[in-house]
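As written, the chains take the letters A, B, C and D, and residue 1 is the first residue of each chain.
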Amino acid sequence: MITLGHYLVVSGMLFSLGLAGVIARRNIIIVYMCLEMMLSAANLALVGFSRFHLVNGLPDYTAQSLVFFTITVAAAEVAVGLAIIVALFRSKQSVDVESVTKLQG
Amino acid sequence: MHASIILLLPFFSALVILLGHRQLKGAAVLISVGSSIISFIACLALLAAADDKENTKLLLPFLDIGYLHANIDVLIDKQSRGMMFIVSFIGMLVHIFSLGYMKDDDAKPRFFGSLSLFMFSMTGIVLAGNLIMMFIFWELVGLSSYLLIGHWYQKASAAEACKKAFLTNRIGDFGFMIGILLLFGANGGSVNIEDLTTAFGPGGTLGIHAPGHSAGFTTAAALCIFLGAVGKSAQFPLHVWLPDAMEGPTPVSALIHAATMVAAGVYMLVRVRFLIEASPLAAEIIAGIGAVTALMAALMATQQNDIKRILAYSTLSQLGYMVMAVGAVAMSVQHGHELHGPNPGHPAMFHLYTHAFFKAMLFLGSGAIIYACHHEQDIWKMGGLRKHMPVTFYTFLIGTLALMGLPWITSGFYSKEAILGAAYDSGCSILFHSASLTALLTSFYMMRLVIVAFFGKSRTDSARHAKEVEVIMLLPLVILAVFSVFSAWKTFADTLQAYKPAHEEPHATVLFASIAAFLIGTGGAIYLYRGKDKDPINIKLFANKFYFDEIYAVIVRVCQDRLAWIVTALERVLVDGLVARLPTAIVARLGAATRMLQGGHLQGYTFLLGGGVIAVIYLVVFVLPRLGH
Amino acid sequence: MSVFTIEAGLALLGLALLLLEAFKPDISRRTLGLTAIAGTTLALVLFIFAPHDTASLPGFIQPWHQLDSLAIFYKGFALVITILVLWLTLECAPYLTRFTVDGKLAEMFSLPLIVCAGMMWMASARDLVTVFVSLELVTVSFYVLVAFARKSAFSLEAGVKYLILGALSTGVLVYGIAWIYGATGTMSFDGIAKALANPATSKTTALFGAAVLLCGLGFKVAAAPFHMWVPDVYQGAPTPVTAFLSVGSKAAGFVVLTRALDAFMVEGSIIGSEIQALLLVIGSLTALLGSLPAMFQASVKRLLAYSSISHAGYLLLALACRESARFDLSSGGVVAFYLATYLPMTVLGFLGLGLMRANGLGEDIKDFTGLAKRNPLLALLMTISFASLAGLPLTAGFLGKLFVFLGLADHGYWGALSCAVIAAAAGFYYYFKTILAMYTTEGTDVPALTFSVPAKAVAGALALVILILGVYPKPLQKVLTSDRPAVVAK
Amino acid sequence: MSVLELIIALPLLAALAIWLGAPARAASLAATSINLILVLYTAVQYWGKTGLAFTYSRPILENPSLSFAVGADGISIILALLTTLVMLAAIWQIHDRPDIFYVSSLLIGGGALGAFLTTDIFFIYAFHELALIPTFLMIALHGRAEPAYRKAVAWKATIYLGVGSLVLLAGLVWLVLEFSGGSKLTFDLEALRSQARLNPLPDAKQAQIFFVLLLGFGSLVSLFPFHSWAAPAYATAPTPVAMLHSGVLKKFGLYGLIRIALPLLPHGAHVEWVQNALLLMLLGNILIMGLVTIHAKRLDDTLANSSVMHMGYIFLGIAAGTEIALKGAVILMFAHGISIALLFGLLGRMRNQLGTLEYNKLGGLASHAPAFTVLFAFGTFASIGLPGLTNFAGEVLIFLGNFTDFKAGVMTNLQWTVILALWGVVMSAVYMLRAYRSIFHGSPATGLFMIDPALSQRVPFIMLAATLLVTGCCPWLLLNLMKSAL
C-alpha cells in the first residue's frame, strides 16, 4: 500500500536533490533545471496531500488547482529565464555562474 | 539706612568706575574717594547711633527658597560697628594717600574702581548677618585683592602673585564652604549668626551639653570654618600668598594686606567663636596654628631685606598672634574662665583694631619711602632717610614702637599684653612661651628695619636724593600715627566701640614677659645692626622662608600637574578607548565581516539561501518548541 | 465600477501597450510613457471613487478576493508607486536607452502596469493560490524589468542573480504551501487560521510548512538570511526598477506576509509562539545585517539597498508584535504605516539618484560631493529623504521606527529592541555620511545641475509628504484603522 | 494659538526665509530679537505664578496619543530665555561668514526652543534631534581644523549623540509604556505625571528606568564616561555652533532629567545603586575632567573640557533631588549657558585675530584689548563661581540642597560627594586663572597682537556679561520664576 508518507519522502528527496543541484552546479542551465525539479517536488507534495485529504469521501481539488498554476508559472519563468540566460551567453560567451560576480561587497 | 549707604555706595562706585572708566577718566577718582568719605561719615553716624542691642536686618533679597534664607542681611552689633569704623576710616585714608601715590599711574581709574570694590566687599564681610553672605563677600574681597595685587599685571611677578593669592584663598574657601554646609545642615537650614549663637549657646540644640551634640561634628565644622580663616588671614600652611601680594601698589598692601582684609579671618573667627568654644580640640589646633604662624613668620622677617616684605611677614606674625588669641580664649573659656562684662571684648579683636592702625601706618610709611626712593624697596639700599624725610620717619617710628609694644604708651602694648594674658590663661605654657618669643622677635626685626633704613648714611643715590613726600600723603600718616598711640586708651576705644577686653590688672608674669621681650629685642637689634652696611647675620633657612615656596612648587608639580598629565592620558586611553573606540571598532569589524558574506558569487548566495531554509526549519521545528514559547 | 474591474483594466492596458510597441515600433516613448501614466492615474482616480467593500466585487471572485482597509491601503499604495516609477522612468529615459536594445523602452512602461495589477490582487488575496499566482505575476515581470538594460553588464548580472534566486524562492514557497495545505487541508487563510486554532492539527507538520512558507516569503521581503540578492540586484537594476523593487515589491511581500501571519498567529494558534520567536530572530538579524555592511558602501544605490534590508528588519519586528490593547494600530497596521512612510522617502532617494544619473553623474557617495552648492534644492530634498530614512524625528521615518520600538517594548522583547537600536545607530552613520558629502564644499567647481520643473515638483511633493506625515500622521492612522474588519475569524 | 508656538516657529521660519533668499543677517537678527522680546514678555507674564502656563495642544495622532502641545513653567521660561539670549549673541557676533552660519544658528536655537517649550515627550525629543543635524554639519564642514580631523570630530559627536538619543528613546518609550496606564498610550507629559502621582512604580523599577534615562540624557550632557565627544567638538566647532551647543543645546539632557525623569520617577535617583553610580559618574566629571582641564595647553581645550567638568555640578543637584538643589541646578544651567557662550564667543574672535590659542604663544593681551579683557574676565570669574555672577548662586544652592537632610555627625555618600566636588571649584579656579594669566597678563610684548573689537561687535558679549551680572546679583529674579515646587 502506498501511503502519503511515500509520496512525501519522494517529494522531499526530489526537493533536496534540486536544492543540492542548485547549490552545487556551475552551469546556469543546469541550475535552472534543478529549480524546475524543486517545483516538481512541491507539485508532487501538493498532489499527494490532495489525494489523501478527503472531503465528503472525495479528494480535495483546491490543491490540485494550484498544481496547474504552478506548471503554468514555471513555464512562464522558463520563457523569461531562458531569454535572460541567452542574453547572458551573448554578452559573456559563458553560462557559468562565476561569470556574474561583478556586483559584490 | 546707614548700613545700606555704607554697603551700596562703594558698590555703585565700583560698578560705575570699572565698567565705564574709559569714559569717566578723572571723574573716576573723585567718585571713588568721595564714596569712601561718605561711607566714613555714615560709619560715624552708625557709631553715634550706638546702642548695644544686636539686630539683624534684611537689606536685600538674594536666595530665598523654602526655609533657606540666604539674603543680604546685616548684623549690627558692637563688633561690626567697631570693625566698620576701622575699615571705613583706614579705607578713606588709603584713598586719600593713593591720590598722591598713584598720581602718575596710567590705570588710576581701574585702581580706584578696584579699591571701591574692595570697600564694598569688606563692608559686606563686616556687616554679614549670616555665613552665606559672609562667604559671598569673602570671595569678593578675594577678587578685589586679585585685581589690586595684579594692578601692574604687565609684570610677571605681579601676575603670578595675584593668581597665587586667589588660588591659595580658594583652598581656604573650600574649607569655609564645607563648614557652612555642615552648619547649615545641622542647624536645620539657618546659617544666621544669631541663630547659630543660640543653637550653640546654653540650652541650644547643638551646644556642648545638648543631647544632639556630636564632638566630631563640632570639631569638623569648626576646623572647616577655620580653614577659611587660614586662607584669608594667611596662616600656616596657607601663608605663602601674603608676602607675594606685596607686588600690589603699597596703599593696597596697607589697606588690604595689613589692616583689613587679612584680618577678616580673625573677625570671622570671633564671630563664630561659639563654635570654637564648643570644641576643645578645634580650639587647641587653632591656637597652635596661630602660634606656629606667629613664630615662623617672625623668624622669616628677621632675614628679609625688602621693606614691604618685612612688614608683610610682620603682618603674618601678628595675624598668627590674633588667631592664637582666638584659640587661647576658647581654651580658657573651656577651662571655665568666662570673659568679663556684659559684652565681653576679645583680645584678638582688640589687637586687630590696634594693629590695623599702626600696620596701615607702617605700610603707608613704607609707601612714602618707596615713592621717595623711586620704587627702591631694599632696606640695604636706603639708609639715612631720617634726615631726608623727617615726618615720615617719626610717624614710622611711632608705628614701629606701637608694633613692638612700647610699654604703657603705645596701643600695641595693651593689645599684645591682652593676647599674652589670654595665652597665659589658656593653661598651655607652650603657647605663652612661643608668644613671648614672637614678641621678642618682633621687637628685633622692626628695630632692625628702622635702623637700617633710617639711620646711618645713605647707601645709594636713590636714598640720597629722597625727598619728603607731599602733604596729601603725609596727612594720613600723621592721623594714623595719632591713632597708633592713643587707640588703646579707654575713652578712645570706647567711643570707637573697639572690642576691648575689660581686663583686670595684668598678671605679673605677663607684664614681665612683655616688657622683657621689648627690651631684649630692641637691644639686640641695636647691638647687631647699628652702623652696618650689610647684614651681619645670614640664616638661609629664614631668608628663604623655610623653603615653603619651593616645597609647594614641588607639590603642585607632582600632585597636580603630573597627576593631571597621567589622568589625561588615562582618560584618553581608557575611558575614550573603552567607551568610544572599542565599540566603534567592534561594530566596524562586524560591518566588514558581514560585507564579506556578500561576495557576489551566485553559488554562495544559493548556498546561504538553502542553508538558511534548513536553519529556519531546524530552528522552528526542533529548537523553538522545546524552549516552551 | 468594481475595484476588480479596474485592476483587470490596468493589466489589459499593460498588454495593450506591449502589443502597440510590438506592432507599431515608431511610436515615441514619450507617448507610451504618458499613456501609461495617464492610465494608472485614471485607475487611481477610479479606485478612489470605487466602492470599498468586498460585496462590491464580482461574485465569482469573492471567495478569493477581499477588500478590507489593509487591501485598500495597499492597492492605493501600489497605484501611487507605479505612477511614480513610470514618471521616473520617463525622466531617466535618456540615459536608460543607452543600455537597452535599439534604444527601446516599451516594456519599461507596460510591465509596471501588469506588476501593479499583480500587487493589487495580492493585497486582496484570501488564499494561497491567489497569493502564489499574483506573486509570480509580479516576480516574473520583475525578472524582465531588472535585466532590461541588458547592454549594461550590471543590469544583466542583476537579472541573472534575481532570476536564479527568485526561482529558488518560488520553489521553496510552493513547497511550503504544499505542507501548509497538508497540515490544515485548506488553502484559504480563514481556513488555515481555523485549523491552526484547533489543537488536533499536527503541530510539527504545520510548523514545517509555515517555516518553509515563511522562507519563501522572506526572500520576497529581503529577510535575512534570504537577503543576499538584494544589494546586487538593486545596484544592477535600472534605478526606476530599483525603486519599484524596493518599495512596490517589498510592500507586496509584506501584505502577503501580514495575511499569512494573521492566519498563523491567530489567537490560540498551535504554532503562534514559535512563529513569533522566529520573526523576532529573523527581524533582528535582518536589521543588523542590513545596517552593518551598509556602513562601508561607496555606492549610494547599494547603500539604499542595504538600508532597504534594514527597514525590512524593522517591519518584521513590527509583525512579530501582535496587537496590543493599548495601541490602535495592529501589527499589520504598523507595517502598513511604516510602508506608507517608507514610500516617499525611498522613492525620493532613488529619484534623486535617477536625476543625478540623468545629469551624467555616478551613483557613488563621492558623486554627491558638493551637491548643496550645485543644486541646493535637490540637496535639501535628499537631506530630508536621508534624514527620514535614518529615522530622525519630525520626519515620517521616525514615527514608523517609534511604533516598532513601542511595540517591542510593550511586549518586552528587549533583545530584539537592542538589535533594532544598534541597527538604527549604525544607520545614523551611513545616512549622515551621504548627507555630509552633499554639503562638503571643498574641490567642487563642477557646474550647477538643473532639473525639469515636474521633477522638482514631484520631489518637492514627496519631501512635503515626508514632513507632513512626520508631524501630522493622524489622517494616515485614520485610513488604516477606519473599518478594518477582523481578517481572521477569532 | 499660544505665544510659545510663535516663539518656536520664528527662528525656523527665519531659517526658511533665508534659504529662500532673504538677507541672512537682517532676517536672523530680527527674528531673534523679536523672540527675545517675546520670551521676556512670557517671563513677565509668568512672574510669580506657578504651574504650566501658555498651554495649547494640537493632537496629531490619537492612539498612541501624540500632540503638538506647548506649555511653559519657570524652568522652561528660564531655559527659553537662555536660548534666546545666546542665540541673539551667537548670531550677532557672526562676522563675514556664509549664510549657512545664520541658518544653522537659527535651526539649533529653534530646535532648543522647541525642546524646552513643548510638553509632549515626542516633540521634546524631536526638537532636540532637529537641532543636532546642523550642529553636526557645521562642525564637519566649517570646523576650525583640518577637514579630516574636523570630520572625525563631527562623527564622534554625532555617533555619541545619536546612540545616546536612541538609548534615551528606549527609556522614554519605557516610561510611556509604564505610565500610560489604562487603554491608551500617551506621550503627554502632564498625563504621565498625573499617572505617576496616582500609581507610582515600585522603587526597583523606577531605578531601572531612571538609569536608562540617565545614560541617555547623560550622554547628551557629556556625563562621565560618555563625555569624550564634547571637548573636541567644542574646540573644533565654528563659534556660533560652539556657543549654542555648549551653552544651550547641551542643557537639554539636564532639562529632560529635571522635567521628565525626576517627576515621573521620584525615587529612581535615590535607590542606592543608581545614586552611587550617578555620584561616581559626576565625580568623574568634576575631578577627572578637572585634572584633564588643568592639563590643557590651549584655550579651546581648556574651555571645552571645563564645560564638561561643570556639568558635574548640575548632576550633583539632580542627584540630591531636593527643591533647593534642583532650583540651583536650573540656575546653574542658565548661568553656565550664558558664561560658556560668552567665553566661546570671545574665543572665536581671538582665534580669528590671532590664529592660535596656545598659551605659550600668547600674553599681555590686556594691554592691547582692555574691553575684550574685561568681557573675558566676566566669563572667567563666572566659571570660577565668583559671587555676584550667576554661577555662584546655582552652585551654592546645589551644595546647600545636598545638606538639607544632614544629621550632625552622619555624612551620607551624597554629602561626601559634595565635599569632593567642592575641591573641583578650586581646580576650576586653577585652570581658569592660569588661562587668564597666560593670555591677558604679562608684558604686552610677549604675545601676539590683537585689538578690541568694534563696539557694535562687542554688544552681544556685553549683553551676556550684563546678564551674568544682573542675575548674579539678583538670583531671585530667576527664583521668582520657579515658584512652583519641583
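Just so we're on the same page, contacts are C-beta pairs under 8 Å (C-beta built on N, C-alpha and C of every residue); 3 or more make two chains touch, one makes a residue touch a chain.
A quick note: this is a predicted structure, and the numbers were derived from the prediction, not measured.
Colleague: With respect to inter-chain C-beta contacts, which pair, B-D or A-B, contains the greater number?
Modeller: B-D
Colleague: Find the geometric centre of each of subunit A and subunit D from their Cα atoms only, then give the gap between the two centres in Å, rounded to an integer.
Modeller: Distance between chain centres, rounded to whole Å: 64 Å.
Colleague: Can you give the whole-Å distance between the Cα centres of subunit B and subunit D?
Modeller: Using C-alpha averages as centres, the distance is 35 Å.
Colleague: How many angstrom between the C-alpha centroids of subunit B and subunit A?
Modeller: Their C-alpha centroids are separated by 95 Å.
Colleague: Calculate how many whole Å lie between the centre of subunit A and the centre of subunit C, each centre taken as the average of the chain's C-alpha atoms.
Modeller: Spacing between the chain centres: roughly 26 Å.
Colleague: Quick check on subunit B: which residues sit in contact with 2+ other chains?
Modeller: Residues 595, 598, 600, 602, 606, 610, 613 of subunit B each touch two or more of the other chains.
Colleague: Quick check on subunit D: which residues sit in contact with 2+ other chains?
Modeller: Each of 159 in subunit D touches at least two other chains.
Colleague: Note the residues in subunit A that touch 2 or more other chains, in rising order.
Modeller: 19, 22, 31, 97, 100-105
Colleague: Please list each pair of chains that are touching.
Modeller: Applying the touch criterion to every chain pair yields A-B, A-C, B-C, B-D, C-D.
Colleague: Name, in rising order, each residue of subunit D that touches subunit B in their complex.
Modeller: Subunit D residues touching subunit B: 156, 159-160, 224-229, 288-289, 291-292, 294-295, 323-324, 327, 364, 366-367, 370, 374, 381, 386-388, 392-393, 396-397, 399-400, 402-409, 415, 418-419, 422-423, 425-426, 429-430, 433-434, 437, 440-444, 474-476, 479.
Colleague: Any idea which subunit A residues touch subunit C in the complex?
Modeller: Residues in contact with subunit C: 4, 8, 11, 15, 18-19, 22, 28, 31-32, 35, 38-39, 41-43, 45-46, 48-50, 53, 55, 60, 62-63, 65-66, 69-70, 73, 76-77, 80-81, 84-85, 87-88, 91, 97, 100-105.
Colleague: Tell me, which parts of subunit B touch subunit C in their complex?
Modeller: 587-588, 590-592, 594-595, 597-598, 600, 602, 604-606, 608-613, 615-617, 619-621, 624-625, 627, 629
Colleague: Can you check the complex and tell me which residues of subunit C touch subunit B?
Modeller: My answer: residues 160-161, 164-165, 168-169, 172, 203-204, 207-208, 210-212, 214-215, 218-219, 224-226, 228-229, 231-232, 273-278, 281-282, 288-289, 292-296, 422, 426.
Colleague: With touch defined as at the start, can you tell me which subunit C residues reach subunit D in the complex?
Modeller: Subunit C reaches subunit D through residues 325-328, 376, 380, 387, 392-394, 398-399, 402-403, 405-406, 409-410, 417, 421, 424-425, 428-429, 432, 435-436, 439-442, 471-474, 477.
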